[in-house]
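First chain written, first letter: the chains are A, B, C and D, and each begins at residue 1.
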Amino acid sequence: DRPLTVIAGPCQLESLDHALMIARHMAGVCAKAGAGYVFKASYDKANRTSLTGKRGVGMEAGLKILAAVKDEIGCPVLTDVHTAEQCAQAAEVCDILQIPAFLCRQTDLLLAAGETGAAINVKKGQFLAPWDMANVADKVASTGNSRILLTERGTSFGYNTLVADMRGLPEMMKTGYPVVMDATHSVQQPGGQGGSSGGQREFAPVMARAAVSLGIAAVFIETHEAPDTAPSDGPNMIPLDQMGALIDGLMAFDRLAKADPIRL
Amino acid sequence: DRPLTVIAGPCQLESLDHALMIARHMAGVCAKAGAGYVFKASYDKANRTSLTGKRGVGMEAGLKILAAVKDEIGCPVLTDVHTAEQCAQAAEVCDILQIPAFLCRQTDLLLAAGETGAAINVKKGQFLAPWDMANVADKVASTGNSRILLTERGTSFGYNTLVADMRGLPEMMKTGYPVVMDATHSVQQPGGQGGSSGGQREFAPVMARAAVSLGIAAVFIETHEAPDTAPSDGPNMIPLDQMGALIDGLMAFDRLAKADPIRL
Amino acid sequence: DRPLTVIAGPCQLESLDHALMIARHMAGVCAKAGAGYVFKASYDKANRTSLTGKRGVGMEAGLKILAAVKDEIGCPVLTDVHTAEQCAQAAEVCDILQIPAFLCRQTDLLLAAGETGAAINVKKGQFLAPWDMANVADKVASTGNSRILLTERGTSFGYNTLVADMRGLPEMMKTGYPVVMDATHSVQQPGGQGGSSGGQREFAPVMARAAVSLGIAAVFIETHEAPDTAPSDGPNMIPLDQMGALIDGLMAFDRLAKADPIRL
Amino acid sequence: DRPLTVIAGPCQLESLDHALMIARHMAGVCAKAGAGYVFKASYDKANRTSLTGKRGVGMEAGLKILAAVKDEIGCPVLTDVHTAEQCAQAAEVCDILQIPAFLCRQTDLLLAAGETGAAINVKKGQFLAPWDMANVADKVASTGNSRILLTERGTSFGYNTLVADMRGLPEMMKTGYPVVMDATHSVQQPGGQGGSSGGQREFAPVMARAAVSLGIAAVFIETHEAPDTAPSDGPNMIPLDQMGALIDGLMAFDRLAKADPIRL
């Protein structure tokens, strides 16, 4: 029943200055609004729609930036890992390791991540039902690590489209683990632009608000100062200068939701 | 930006006493909570899953009950119509005529309903996209009647299951017509019990709250004092004695949502 | 295990000459290929995407054309009915009455159709599972009429798209009634062009062949000499001059399928 | 336009004797029917629904068995790889490396697989449209390896269910690469039994026949002498003693399809 945490940052790391700029802005916005804040960014986009999509700065450079953000801004940092081998090293820097949706059933990755002792945020696969995530969480918990988060980011709905089923949030809450709404990926249109994914940025605040009203622990939002020229996920990222108003608005719904919890 | 209206009542009319009992309870609950109230009930379930499902009291008897509810409780009443021929007669009693989801593209029915001058609530077909409803509304509006409401009640999602896409609510709001969330039918499991539909009653308050947080005009909720023995839609109706707390809770979210409208 | 029947004709009746031209061509093609033939056309498109879509010649004029086709070409004729009132009159001319997919659960329509004694072809709703059609067929059969056909025409799959699940064909065969594949509507993209439906004509022969290979009783194909200028469903109709080769090809698969039936 | 190839074997390797028994049976069946044959089995089930599912014999032991099958039976062998590191070693034994559906967009895995020079069979993700696979194939082809196969294995369709869209087969054929139908996984019900996946074994021959009638290059079928006691995927595997009749039947449809190719 703690106030909402905001997990936010650019889709991918671009440079130290860029990461610091976004983290500083978001930390300020969240502090002012009374929200928790976790900086999020990827060092490698390992599953782009097509080979021509930019992959990112790489693990070494990325972890250095994340460490600097953590040090300078003082916020926890989250990044996603793609192989079992990356987990230990990433966990030296990151407070939260994230398991990408496509990889959410890869047992070795889940176990390696769990064994680091870091908090593990597993994104629900686009091909899974909400109740299937209990089995996924069990894989992580088998390592003795119960610091698990489960994230809704949309379910396949026909071709090149996702739908976010609000029932999934309280359903996943039944596990007892904190539940996160990924407001920007759930409005992604995978492969929707042929060689890259489309998105419906305008609906991200809609998904965020609906989910926050249900009493979730955290909201995940990708943001960029110029989404349309960002190296990835531009069509669904929220412009950085709109984040303050968005978070302020969400916190009002969060207070109401936390005071009147949904009970299934 | 008026306060939320609650459209509520039993799935089907059972008797005058039963209708009055529910309408009186709901009118009281809504008045106390500051919500508008419309009594809803059907005189004929014209498309039951199987032939053995009870159809209801019929049009003549049903309209008499609805007139009595309107007269005695003083609230507007809504019922659904199934053929063009029924519209004029139903409109003599009812403030709002409702077009069932399966029939939402039947041109003659939409025109006949529109021509009555009553308000027309069209349920979005389980087979339609939210943006398709603009064409549907245009059919009604072509009669010169612009008192139109559009209702989300879930979209086909695999077999025997619906999903309610929150994006559909602001998408339909673009038409300028009031948008309604049908919280109990959107958690229906059509045909899910073989000879009848199943439902997930426990998720109806979830859908209602998520939708109300987006600033919708009205919420539609079927209710019964003993849902498990109701003649239809028992698995998704809300017990009548839980409606007060539910509406109270929703009004807090409604006030917040109306003060901070979603703008696409 | 009789040879495949082809139900084919234009989406809507345009004129007597037009109907005769198509029926004559199709009857010749089917006779040559060893297929049964039923002429299909609608006198009223009662649920167009938008109000501006052409509705057709109307019931009186339409039934006259159908009677003339039946008389002159000597083939059975099929048309779709939209209200209970239309059934008796349509059955005076038509050998098969068709229940549109959106209306496949409207009890009164199914009963009125059944009571005519005509064969009744019910299209499976885009919102139904294949096994749900047993309840639908039971409604018709309750009238004592067991001359029932069940037609697959695609299931809602995300927005503005259908998918035809091949499992549905043998699943519906379990009822014992003849099963029909509607090859042209199952590649429709409902509402896909905003004010009208789109379609993927090129995939209709794909759906037809896959279905025929499973041993279905009949295939339903809309055809037109100039689909791109047809008053409705142009995007998914097959050009008339391609029907001969298509039917010839299908009959080879039909013979193989009938010699080696699928047994669930 | 070569005759159909059958890719068949148990879901997971159990022992050398077991693998040889199945490969010998299938090689005989396919030779008799005039079909090509590739032995398929997994050494590691890396993404089981739950942690308690058996994972398999491991890579070292598995590759030894596969080498022995290849040597003794004389057929090509296929196995699936889960990390970039496994590719080179697996390719020393295997003729075809298979990319699991969940991993079909993992760029490093696709590149590492492609670089081995082995044929690469990529299963289409349950979350992808058929046309998205062109981008996936391009990733493999960027290594200079154009020996690529694309496999349909079903698309997410609501929760715990897949649907196989027949349009996807000719759509993927547009890439010019051979297209495979995975008849047993496309009738899987992912997570459908809570801690493991369910399946509809009885529909696998339905999917196989429909797909073969469209002229695909190969059909993928998991088989076991006692599916109900198999360590994984029992609910959708075909009993080994039914494979002969199934393949015989499919070859008749294959000959017809290859003689009359679908042209989009």
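Before moving on, here are some points about what is shown:
Definition applied: a residue touches a chain if its C-beta (ideal position, glycine included) is under 8 Å from a C-beta of that chain, and two chains touch if they have at least 3 such contacts.
Since we're looking at a predicted model, the values are computed, not measured.
Looking at the partners of chain A and chain B together, the chains they share are C, D.
Among the other chains, C has the CA centre that is most remote from the centre of chain A.
Here the spacing of chain C and chain D, counted between their Cα centres, is 36 Å. Chain B and chain D have Cα centroids lying 48 Å from one another. Look at where the CA atoms of chain A average out and do the same for chain D: the two points lie 33 Å apart.
Residues of chain B found to touch two or more other chains are 155, 157, 159, 163. If touching chains are joined by edges, the resulting network of the protein chains shown connects every chain directly with every other. On the side of chain A, the complex with chain D involves touching residues 46-51, 55, 82-84, 102-103, 105-108, 125-132, 135, 138-139, 142, 155-156, 159-160, 190-191, 195.
Of all the residues in chain B, the ones that touch chain A in their complex are 155, 157, 163-167, 169-170, 187, 200, 202-203, 205-207, 209-214, 249, 252-253, 256, 260, 262, 264. Of all residues in chain A, those touching chain C in their complex are 157-159, 161, 163.
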